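I am attaching a structure below and will ask some questions about it afterwards.
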Amino acid sequence: MLEEVRSGALNVDAALDRVKHLPFEDLGYAKLDHHRALRHGLTEVIFGKGKTAEQVKGIAARLLEKSQNLLVTRANAEIAAAMKELLVEAEYFPLSGAVRVWRDRQVIGKGTISVVSAGTSDIPVAEEARLTCEVMGNEVDAVYDVGVAGIHRLLANSARLMEARVVIVCAGMEGALPSAVGGLVSSPVIAVPTSVGYGASFHGLAALLGMLNSCASNVTVVNIDNGFGAGYVASLINRL
Amino acid sequence: MLEEVRSGALNVDAALDRVKHLPFEDLGYAKLDHHRALRHGLTEVIFGKGKTAEQVKGIAARLLEKSQNLLVTRANAEIAAAMKELLVEAEYFPLSGAVRVWRDRQVIGKGTISVVSAGTSDIPVAEEARLTCEVMGNEVDAVYDVGVAGIHRLLANSARLMEARVVIVCAGMEGALPSAVGGLVSSPVIAVPTSVGYGASFHGLAALLGMLNSCASNVTVVNIDNGFGAGYVASLINRL
Amino acid sequence: MLEEVRSGALNVDAALDRVKHLPFEDLGYAKLDHHRALRHGLTEVIFGKGKTAEQVKGIAARLLEKSQNLLVTRANAEIAAAMKELLVEAEYFPLSGAVRVWRDRQVIGKGTISVVSAGTSDIPVAEEARLTCEVMGNEVDAVYDVGVAGIHRLLANSARLMEARVVIVCAGMEGALPSAVGGLVSSPVIAVPTSVGYGASFHGLAALLGMLNSCASNVTVVNIDNGFGAGYVASLINRL
Amino acid sequence: MLEEVRSGALNVDAALDRVKHLPFEDLGYAKLDHHRALRHGLTEVIFGKGKTAEQVKGIAARLLEKSQNLLVTRANAEIAAAMKELLVEAEYFPLSGAVRVWRDRQVIGKGTISVVSAGTSDIPVAEEARLTCEVMGNEVDAVYDVGVAGIHRLLANSARLMEARVVIVCAGMEGALPSAVGGLVSSPVIAVPTSVGYGASFHGLAALLGMLNSCASNVTVVNIDNGFGAGYVASLINRL
Amino acid sequence: MLEEVRSGALNVDAALDRVKHLPFEDLGYAKLDHHRALRHGLTEVIFGKGKTAEQVKGIAARLLEKSQNLLVTRANAEIAAAMKELLVEAEYFPLSGAVRVWRDRQVIGKGTISVVSAGTSDIPVAEEARLTCEVMGNEVDAVYDVGVAGIHRLLANSARLMEARVVIVCAGMEGALPSAVGGLVSSPVIAVPTSVGYGASFHGLAALLGMLNSCASNVTVVNIDNGFGAGYVASLINRL
Amino acid sequence: MLEEVRSGALNVDAALDRVKHLPFEDLGYAKLDHHRALRHGLTEVIFGKGKTAEQVKGIAARLLEKSQNLLVTRANAEIAAAMKELLVEAEYFPLSGAVRVWRDRQVIGKGTISVVSAGTSDIPVAEEARLTCEVMGNEVDAVYDVGVAGIHRLLANSARLMEARVVIVCAGMEGALPSAVGGLVSSPVIAVPTSVGYGASFHGLAALLGMLNSCASNVTVVNIDNGFGAGYVASLINRL
Amino acid sequence: MLEEVRSGALNVDAALDRVKHLPFEDLGYAKLDHHRALRHGLTEVIFGKGKTAEQVKGIAARLLEKSQNLLVTRANAEIAAAMKELLVEAEYFPLSGAVRVWRDRQVIGKGTISVVSAGTSDIPVAEEARLTCEVMGNEVDAVYDVGVAGIHRLLANSARLMEARVVIVCAGMEGALPSAVGGLVSSPVIAVPTSVGYGASFHGLAALLGMLNSCASNVTVVNIDNGFGAGYVASLINRL
Amino acid sequence: MLEEVRSGALNVDAALDRVKHLPFEDLGYAKLDHHRALRHGLTEVIFGKGKTAEQVKGIAARLLEKSQNLLVTRANAEIAAAMKELLVEAEYFPLSGAVRVWRDRQVIGKGTISVVSAGTSDIPVAEEARLTCEVMGNEVDAVYDVGVAGIHRLLANSARLMEARVVIVCAGMEGALPSAVGGLVSSPVIAVPTSVGYGASFHGLAALLGMLNSCASNVTVVNIDNGFGAGYVASLINRL
């Protein structure tokens, strides 16, 4: 753009205007950066919590003009209904509160992402990770209910885990599974503490602290119940 | 005693006096209940922290009149010196801060107590558990550095663990090992969180919370770094 | 099995298959380790929280094929209904959220387990411990409402407590009772903090911390409101 | 004073000046309210922590002009030395960090204040309470090392406790003793959590929470290790 | 009783029986110590939270046989209804969750108890304190909405406060009022943190910590929202 | 007034009475300090939480006699209805729980106050700040959805931000925006953590801690979700 | 600059270079933004903690080339020595850890900033605020030791406080003073919690929470012990 | 191995022995898994904290027999000395407590890893990340002192950041930088909270929580001050 200004093809005011208006579109309650996702080849995402159904719908409508796929996280039933109204193929996953528009199903990830859950109760978070990976173009291998208190269930799946390019591990309660998985594989492990538990689990805090202190060196951590974030980063890694 | 009063063998004042004076001896700064340990066949223990060396020595002197063995926990070097002055065979374990008098080495535990540590850094706490079990008359099998991030090291020792009547597991950081051990054995597991770690381990809090939330049902927990407590309870169980 | 392979009775592929498939059955959302409970002579348990009624029912159906008794913890009304649908003799305990199938009522515990509550409000947790002990084959002696602020109520029951082989103590608020009980008896005491209280009890945290810091050496602790866990460990100890 | 103004005996400016200057003396770094203690017949107290030895000495010098007795709390060795320089009869209690000037030893409390400690390690805090009560004109009955894990030691002293007009109870670790004492007596109990303990005692937090949640209704609580505060309030009550 | 045994007026078995049965009555879910309240001249109190309406009613029925007055704290509407069913004159105070039976209205307190609230929103807790003081035989002076941010409102009431024999101060948010009141009066101040506030008040924690750290030496603290406890202790003090 | 007493124009009793009664009006449940707001030229504010609709209405009625504008914060629907009943032009903002009476719309602030939100979900809190600034006589410039993860959206608005005399920044989750804004402008920045987020946001605690630790030196902080407080202080600054 | 490019006075590469290099100078371990302080007429500040004395000295040398005044916060003795080596007139304030270069002593603030401390022990933090205000060109009025437990000391200074354009209030322990001051004045109040206290003050947390929950609407808060931050913001406000 | 058993080449006992002894070497205090690092092509690492210098030296000696490179983390001066004794080319980095043996300097990472620090004080942690990446065969680009309060310093480096294959961001205080970096790049960002800060930073907790709640979706988090962990995972990703 500086070149255009230099050549006179663009006058200064217009350049300033373009600088001001180009990078995002302003809906008043939201500023949409269409460029970012396009530039990076990423899926658009809307954080649903604290937004009205109307706001989510408004944002989604503009994003879907330029994007095939879309994910809404932390959506309640009202937001889900608004999204289905907007686009009939929007899928709602009530357990994790995700709404997914998955029109472009091309696989772009280079390997498989393994999504592991410690218990049956952690599956909703694991599913959020899985559907995020899928909508971002990845093959997913789900391995559920292999917590450390039944270590043979985990070991019986170690070959599958070792084949994955990235591993996501969802666990509540003591959050011990990422350490055990981290010791088995040499790929990056993304740990997702879940709020499964009671009492001194303090809504996932115990699992979170456990994962942050993992003695396995290949573990990084995302927020409690943040299956989406784990799926997103795993997808970025799997594109490399 | 009521019978004696009834028969006149004991007059009321004497009975009251006995009631008042019998159960413990009053040193002013401490009231010693000789009866309790004798009655239960247990080893006498002094909690050293916050006591002066003189106080510990004074208490120990009286207890050793009636007891062969004695343990002082949370002892500093000054207390250790005072104890060695009192009794030359007192052993000092500086890492765990224990002083042990172990004159009666009879084995009374019915089986073996397994003492497991997740890492090398957890050994001082594990040693406190071990020396407590020993002084209370137990055979101990120590299995060190078998944390969950190297699960094969644990599995290679599973036969030994399964033979133990009680298992003590010491782990810092994420505190995941008790869950894995708990899944392997069917005996009671006593978990000891250690303060090994840094940052979000919060001096053992992460390990403590992890253990309290263990998904293995056979796990109970003691205070952070409380190797003594674990050894004590394990000894009680092993007497049954 | 290695012997069978050696002798040719089992070919290598079959052996590998058996290794892979034997230890558990895979329902997709859950991997059932029939062997573990059978091997250890333990009662099967399902953690109900975070599972759908369908999932619990599915798991229960498979477990009950091989097991006479079964416990579901943290079950809501929906899960309870599904369980009753599955098996009419399933009992639901709404206060603690337990569902129990108790078909084999053989006593295998060697002594009595005492279940103590500090207050009337702690009874639901104590009841969870009691029904766990029962379904695992133990005689239980319940001693309720003997908190430390009325120490004579506790002392009046000390003979009963001293006869128990293991003692479970449930207390909310300040959680002081396990220390007092621990001082009276020489058996292992399993302390269960309850979420009874308000304000600075922080949903059981005050009681939990109190119990972890007990000055009675024979006390170990389980998670807040975890009557089941206490009952389970007590049963293991009582089998020794 | 308004009357004096009315009668002309005091002019308005002088009245304003008196209002401004009377109630306290300004040392720059401290504003001394001589009137308050005089008015209430209370002992002067200086909180030593965070003050330089010079500041404490300066404040003490002015207060001692009008007051027979004086207490400095949280004093380090340097402050203690400065105080002894100022007044040779100043006593230093290094364990609790108190410096006491006790020239007027008249007893004004109407009954006895009982100062109870759970363990030997809690004695420094109990001593701070005791010396506060004494300097404020009270008879004190010290009952040490009667923690709940040896309940008979407490019961053997219950008659003494029941005779006290106010009871101060100092306890670390699980902080259970105030509840037990509160159940025995019908006088007000002031609970002082101490920082005695380790691990999950979190420097007295466990004891503090326990005491705040006491199921005995006659218990109020002061800050961790605040033996002074307990002694001060007990003295106020004992004057009633 | 020992004398009776000595003289033969009481045989040993009967004595033992009396020892066992006298001090309390056992309802199974509760052990009622009629003697304690009678002995101390105190009002009977039932902690309602976690008890069923049936349990509260059962306990209340037995207590009211021997006691004119009764207080149920933390009662929900169901418990209140059960109490009104039992005794038509039972008053229910829904804001604080108290049920009061106040048949004996004799004043036994020696002076006035002042009950102070920082804001209008703290009144429910203050009212719980007030009604407790009343049912225990005290004159109460209520001074509401005099928080420190309008210090003149407090000062305008300082004469009333200085006349009280005991002062109860209820405050949420920053919990600053007890310090200001403590500086004005020389009587004991009982501080009650309330859960009034939002955000970083953490349900009363901010006020609680503030009060525990009060720089006024005459302040002790009870649990968050524990107006009852404050009223109870104030009543004990006012009887002295 | 002292002068009036001096001259005899006011007798002493009347003066005392005026001193006692003037500064505020006592409604029993509330003491209204009309003088304060008048004296300072500020808008009257009622904290609605914990007050009954009747109480708020009663207070509002008295305040509106002397004040044109009024704000009720933390109002529920019932309070809002009572306020509308009292005065038809009262506006209710349900997202932030504010009720505003804005009859005097004179602008008295000297410059513009910028109200910034990190995300769309933070707008309710930002709106509370905005409506507070408006009712206190300020021009407001709202800049929404410019969080740090899309830094170009913020930079595109930096000119607007630099023109403001005071900047209010509302952000949940990691609460990073005030630091970035603080680095762009040289005016005072008031940071408002919002409770937007989940998991380890702990209801706004993460944002609060982040803002308190801001490396931008021009940032001060108010309570979580306290848009009102931020607007109030910004208004005070903008009057200077 | 865009205009210069347009006119050809600046070629595109040079413009890009200027854009890249102008705004700050890169020392490797630090990037100095000379423009910011110059642009805003602010004093340069270096956060000393975690930097080596060499690093601080290196940064200071460069800043002092363009700036008359400089403040180093959180400096240890080694840093202070390095600063004195660099510039003999650098003053070191060991209590607060500040090093100040104050060569330009012009007053630019429009009014007085009042710096208030609750106790003598809070003076070091108050002094950090004072010296920050001074070096930024403000008149400061220091009012020390006027905590809420001696409310008359505060009221006697209320006239001085009401004259200030901004008020800084430093308080530890319960942190109640900002609320009381906030109620007296109508200017903005910046509250600084100090780490003065012990036990449940948790190193200033109690004071911090108290201040965040202040019921006075004109209070904002900075980090614990952050006298510098308070002085900085007060200076910005006083320039308006 | 099963094949060997089948063929008779290996007898069953030898197979069992190999299973037991092969995977790791047992030093008593440590069990070394040579296979893991070899198998995965990773650098060997020893966690130094809590180990004696002798233990570290012993472990290092065995590992260096089979490995060219080695890292010791959390090493104190004594451990560093022991390591230098063992191998003269061991480098000690006292700020981060790392000891590095870097004999094989082959680059195996596919792209550049960018290591970013928010401030100068965060450099020690950033350096730990850098030296870990280097010893694991990566090119590193260090970008220091680009915190969000001077956003232009960050933007001036955005091109470098966008070229990196993985980005590590180290920040203390409010921990806001990872969100800003995450918004600029589309590669995975590994956030490392540092313990830089004071007061309400709570030793890195504020930064940790901020990063876990990052609104940038490409951010994962490791433990406080865990530069090593971030470097390790970044290296794994950069090998893909």
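By letter and in written order, the chains are A, B, C, D, E, F, G and H; residue numbering begins at 1 in each of them.
Following the convention adopted for this analysis, a residue touches a chain if its C-beta (ideal position, glycine included) is under 8 Å from a C-beta of that chain, and two chains touch if they have at least 3 such contacts.
Bear in mind that the values here come from a model prediction, so they are computed numbers and not experimental data.
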| item | value |
| --- | --- |
| Each chain counted as touching chain E and chain F at once | D, G |
| C-E compared against D-F, more contacting pairs | C-E |
| Copy-to-copy rotation for chain A and chain F - C-alpha atoms, rounded to a multiple of 5° | 90 |
| Rounded Å distance, chain B centre to chain G centre (Cα mean) | 52 |
| Whole-Å separation of chain centres (CA-atom averages), chain A against chain D | 57 |
| Separation of mean Cα positions, chain C and chain B [Å, integer] | 25 |
| Chain E and chain G, separation of their C-alpha mean positions in angstrom | 47 |
| Sites on chain B at which at least two other chains make contact | 36, 47, 119, 150, 183, 197, 199-201, 205, 208, 212-213, 215, 223-224 |
| All chain pairs that touch each other | A-B, A-C, A-F, A-G, A-H, B-C, B-D, B-E, B-H, C-D, C-E, C-H, D-E, D-F, D-G, E-F, E-G, F-G, F-H, G-H |
| Touching residues on chain H, where the partner in the complex is chain G | 119-124, 144-146, 150, 152-153, 156, 172, 196-201 |
| Sites on chain F touched by chain E in the complex | 19-20, 23-24, 28-31, 33, 36, 47, 49-51, 55, 59, 74, 193, 195, 203-205, 208, 223-226 |
| Chain D - residues contacting chain C, complex | 118-119, 147-151, 154-155, 172-176, 179-180, 182-184, 197, 199-202, 205-207, 209-216 |
| Partner chain D, residues of chain F touching it in the complex | 2-3, 5-6, 8, 11-12, 15-16 |
| List of chain H residues in touch with chain A within their complex | 36, 39-42, 45, 47, 110, 165, 183, 186-188, 190, 208, 212-213, 215, 217-224, 228-230, 232-233, 236-237, 240 |
